[in-house]
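Okay, so chain A shows up in both of these, paired with chain B first and chain C after.
Right after this comes the complex of A and B.
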C-alpha cells in the first residue's frame, strides 16, 4: 500500500495543477456547508445568549431590529436618539431598573458605549486590569479591543471624528484607559466603555475651555455685556480631560434632553415587565407620552425573528450548495474518467509489466485517497480557522 | 527455455490470424525475430509473455505452461521471469529514473528492499544512466530512455528478455550500443533474449534469426532466417 501511495503521490505532484484544482474543489464542497453550519451555530449562540439575558429595551420608534442590534451588539446602524429623561421616567414607574446606553461613536473602528456602572454589573463584566470608570474622559476597554489595539491601563485612545471636514462636527477626544475587562466572548469584548457624560463630551454637548472671563487675548472674545462673555471660534476647546482642566468642563443645555440610543429596562418581575410593556402600547400618563415616539421591545423575540430569517436563507443556501456540490462531484468523476482514458497507455504498460487489476485499482484509489485526505486536512484547517475566528466573523457577517 | 506448440491466435473482430505449429528456443540463445509490420512479431512476444493467451495450443516458458496459468499466476510469472523492453520504452513520465527502474517492484509482490535499490543503482551505473537517477523520464534523451527501459527489464533478474524493437528510433551508433548493453546484460544474467527488430545490419550479432515473412515454424522449428548469424 505504501508503494501505491508513493506512486500515486508522484503522479499527483507531477500533475500538481490538476491535483490542486481537485483538492480545492473537494475542499470547497466540504468547507462551505460545514463553515456555514459552524458560523450559524455560533451566531445563534451569540445572538440568543445575549438577547435572552436582556429582558426589555426602550428606544425610539422605528426598526426594532436596528434598536435591538445596536443595544445588544453595538451594531453600526444607530437608531434615532431618545432623551435622557426616558431613563428617569422608566425608573419613576417603579417597575424596572433602567440602564442608559448611548452607542453612536467609534474609536479606531470599535464602538464607544456610553453607559453607567450598572451596565457592568448587569452584564457581569469584571475588570481584569486597572480599575473601572471614575472620572470624566476615561474609558474601559473590552478584552478584544485591548488585545487588538495593544492598549493597557495608562494608555490613551482617541475617539474617531464622524466627518473629516465638518468644523462644527464631533472632534476626537483623547480618552484615558482606566481599565481592561476580562474576556466575555461576546459583544462587550469589542467595545470601548465610557461614562454617558464622556460620550456627550465627544459629541460636543459638554466641553471644556479656557475661562473666557479671564482671557486677555482680544481675538478670543467677540463681545462682553452684563457679565456675559461671547467667545470667538478661535477659543480652543480641550480635547483631553485632565485633573487640571476637568473643572472647566460644563454644558449649556438640559441634561435631561441629552441623547441616548436606548434604555435597558430590568423589570422587578415578570408582571412588572408586562405592565411596563403595556404602557408603551398606548399613551400612558406615567410614561409622559413616550409611547408616541418610543417603543419597548423584548430582544429575545426580535432576535428569534432574525434567526428564523437567517435559517430560512440557510435552507436556500443548503439547497444551492447541494446542487453545486452534486455538479462538482459529477465534474470530478468526469475528470477522473477522462484522466483514466488519457492514462490508458500507462495502465497498459503496467499491466504488461505484470501488474494486477487490483494493483491498478489500488493505485487509482490511492490517488483519490490522497486528494480526499488533502482536502479533508485543508477542510479541517479552514474549519479550525473559522472556529478560531467565529466570534469576529459572526459579528462581521451577521451582527453589525 | 521457450516451447511453443500448435498455437493459434486471432484478435477479436480482426482478420489477423497467427498460427505457430512449433517453435523452440533453448536457454541462453539470442534470437532475433524480423518480418513485415503486422506479421505477428509483437503478438508472438505477447503470447510468450502471457499478456495474450492463445485460442489453441500451448506456450511453455522456463518449464511453466504460461497459457494454462490463471490470470494472476500469469502476471506473477511474468514479473518474476520475464523482462520486457517495449518499443517506445513506455517509461512513466512522472517518475524519476530510479523510480522507473524500481517500478516493477512497486506494482507487484516483489520485495523492494535496500539490496534491490543498490542493485538498481549499480545497473543504472553500468548502463550509463547512474548520474541521472533523479532526472524525470520526460527529461531524458531517446538513448537514455532506452537504457532506463533495459534497466527496468533486467532488474528483477529475468530468465527471459523480450525486446520489442528496442533499438528502433535510434541512430546506428546508439543501436549498436544498446545491443551491446542488452547482450552484455543477457550474458551477465545468463538469460535468453528474444528481440523483434527491423535492423537487418544488427542480425549477424544474434545466434539465430526468424523471419516472419517466410516463417514456417512447423516445418523448420530450428530454421535460421534469411540473415542468420
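Right after this comes the complex of A and C.
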C-alpha cells in the first residue's frame, strides 16, 4: 500500500499543475457551502442574540431595518433624529424604562455611541480597565477599539469630522479615555461610548468658550451694546473639556429638543410592552404627535425578517452551489476518465511489468485519495481561518 | 423531651432567625443622594430608617454652583436614587454621567410654573446668534406648597423602590406635608397682614417666596459678608425712591457696617435663609420657622417705621437664585 501511495504521490507531483487544479476544484466545492454555513450561523448568533435581548426600540419613522441595525449594531446608516423629549415621554407612560441612544459620529472609524449609564447596566457591560463615564468629554472604549487603537485609560481620542470639506464646522472633540470595557464578542466591543451630552458637544449643540463679557483682547469683540457682547469669529471654542473649562460649557437650546437616534424601551412586563406598542399606532391622543413621526419596533422581529431574507438567499446559493458542484464532480470524473485514456500506454507497461489489475486500481485509488486528502486538509485550514475571523467577517458582510 | 424544654430550645432559635431577618431587611436600606439640603431633609423625614440619605456638598459652598469631584460623582452614580431639584438647579448634573433611571426630578410636576429670570448680559458668537445666560429661578422650595409637592415626588420614587414600605412612607410623608403646609399657612398669614408692602432682598433668590406669598420684592446683588460699594449705595437710594422699602431680607447675617448704614436710610434687616446647604444647627424646619419669625417682625411693624428687631442667625452661603452656566 505504501508503494502504491509513493508511486501515486510521485505521479501527482510530476503532474503538479493538474494535481493542484484538481485539489483546488474539490476544495472550493467543499469550502463554499461549509464556510457559508459557518458565517450564517455566526451572523444568526450575533444578530438574534442581541435583537432578542432588546425588547423595544423607538425611533423615527422610516426603514425599520436601518433603525434596528443602527440601534443594535451601531450600523453606518443613521436614521432620522428624534427629540430627546421622547425619552421623558416614554418614561412618563410608566410602562417602560427608556435608554436613549445617539449613534451618529465616529472616532477613527469606530462609532461613537452617545447614551447614559443605564445602557451599561442593561447590556451587562463591565469595566475591565479604568472607570466608567463620569465627566463631560470622557469616553469608555469597547475592548476591540482599545486593542485596535492601542488606547488605555488616560489616553485621548479625537472624534472625526463628519465631512472633510466642512471647514467652518465643528472642531473634533478631544475625548479622554476613562475606561475600557471587558470583551463581549458583540457590537459593544467596537464602539466608543460617551455621555449623550458629550455627543451633543461633538455636534456643537453644547460648547465652551472664554467669557466674552470679560475678554481683554479687543479683536475678540465685534461690538458691545447695552447688555450684549457680540464676539468675532476669532473667539475660539474649546475642543477639549478639562476640569478648568468644564464650567464654561453650556448650550443655547432646549435639551428636550436635542437629537437622539433611538430610545431602547425596557417594558416593565409583557402587557406594558404591548400597551406601549399600541400607543404608537396613533390610538392614544397623548402620543399622537410621536405616533405620527415615530415608530416602535420589536428588534427580534425585524432581525428575524432580515435573517429570513438571508436564508432565502442562502437557499438560492445552496442550489447554485449544488449545480456547480455536480458539474464540477462530473468534470472531475471526466478528467480522471480522460487521464486514464491518456495513460493507456503507461497502464499497459505496468501490466507488462507483472502488476495485477488490482494493483493498477490501487495506484489510481491512491492518486484520488491523495487529492481528496489534500483538498480536505486545505478545506479544514480555510474553514479554521473563516471560523477564527467569523465575527469581523460577519460584521463586514452582514452587519454594517 | 418535655414540651417546656422543647419550647425553651426553639424560642431563642426563632428569635435568632427573626433578628437575622430584621438585620437583612435593615441591610437593604435605600442609598439616596441629593443635590441640596432641603431635598435631603425631605428624604430623611420620608425615608426614616428605610433610607440612608447623603448630601455630600461641603458646608461652605452653595450647592447650586458646586462641582463635585470624581469620587463624589462615583458615589452619586452608585446611589439607588439621586434626588434632583429641577429648575436647572445644580448645573453640574448636566455635565456628568448619571443613570437616568435613578434620577428623580422632584419639581417636574410643576415645571410649567418655573419662574424665568430676566436675562443678564447677552452675547453672540457663531451661527447661534445673540443669546443670554439668564435662567430659571431655582429656589423652588421657598414656596412651601411647592416644597410639599417635591416631597410627594420623593415619596413616590421611594415607594417605587420599596413598595413593601408604602404605608410607612405615606405616613412619614403625611407628617412632613403637615409641617410644610402648616408653615406655608403661617407665612401666608404673616404676609397677608400688609399686602403689597415693599421689601428689598439682598440677592435674587426669593422669586418663588415672593410669588407664593405675594411679596412686593425688589432684589439687589449684595453679599452679606461684603460691605456694598458707594455705587451700590447710590443705586439703592435711587431704588428706594420708587420702592420705599423699610426692610431688607438677607440670606445671611449682613456686616455690622451695612446694617448701620441701612438703618440710617430707614431700612431694617432680617435674615431669611434659603437653607440650600445643611445648617450648622437645627434643621430645615427650624430654619424656616426662624425665617417666618423674621417675616413676622418685618410685617408686624407699621409701614414706615424704623424700629424692628434683627434676627441674628448663623450666616449661610451666598447664592443667586437663578441658574447660570
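By definition in this document, the second predicted complex is superposed on the first by the 392 of 400 C-alpha atoms of A that agree within 3 Å, B and C clash if a C-alpha of one lies under 4 Å from a C-alpha of the other, contacts with A are read in each partner's own complex, and residues count from 1 in each chain.
Note that contacts are C-beta pairs under 8 Å (C-beta built on N, C-alpha and C of every residue); 3 or more make two chains touch, one makes a residue touch a chain.
Everything numeric in this text was worked out from a predicted model, so none of it was measured.
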{"item": "Chain C versus chain B on the shared chain A, clash or fit after superposition", "value": "fit"}
{"item": "First (chain B), second (chain C), both or neither touched by A:258", "value": "neither"}
{"item": "Contacts of A:171 with chain B and chain C, given as first, second, both or neither", "value": "neither"}
{"item": "Partner chain in contact with A:121 - chain B first, chain C second, else both or neither", "value": "second"}
{"item": "Which of chain B and chain C A:280 touches, first, second, both or neither", "value": "neither"}
{"item": "Contacts of A:200 with chain B and chain C, given as first, second, both or neither", "value": "neither"}
{"item": "Most chain A residues touched (candidates chain B, chain C)", "value": "C"}
{"item": "Chain B versus chain C as contact partner of A:105, first or second or both or neither", "value": "neither"}
{"item": "Chain A-centred angle between chain C and chain B, computed on Cα centres after superposition, in steps of 10 °", "value": "160"}
{"item": "Chain B versus chain C as contact partner of A:136, first or second or both or neither", "value": "second"}
{"item": "Superposed arrangement (fit on chain A Cα atoms) - minimum chain B/chain C Cα distance in Å", "value": "74"}
{"item": "Chain A residues contacted in one complex by chain B, in the other by chain C", "value": "none"}
{"item": "Chain A-facing residues of chain C, complex", "value": "67, 70, 73-74, 77, 94-101, 119-126, 128, 130-133, 325"}
{"item": "Touching residues on chain A, where the partner in the complex is chain B", "value": "3-4, 6-7, 10-11, 13-15, 345-346, 349-356, 359, 363"}
{"item": "Chain A partner contacts - residues on chain B that touch it in the complex", "value": "46, 49, 51, 71-72, 75-76, 78-80, 82, 84, 86, 90, 92-95, 99, 103-108, 112, 136, 152"}
{"item": "Chain A - residues contacting chain C, complex", "value": "87, 97-100, 116-118, 121, 131-136, 138, 195, 197, 209, 212-213, 227-233, 235, 237, 246-250, 252, 255"}
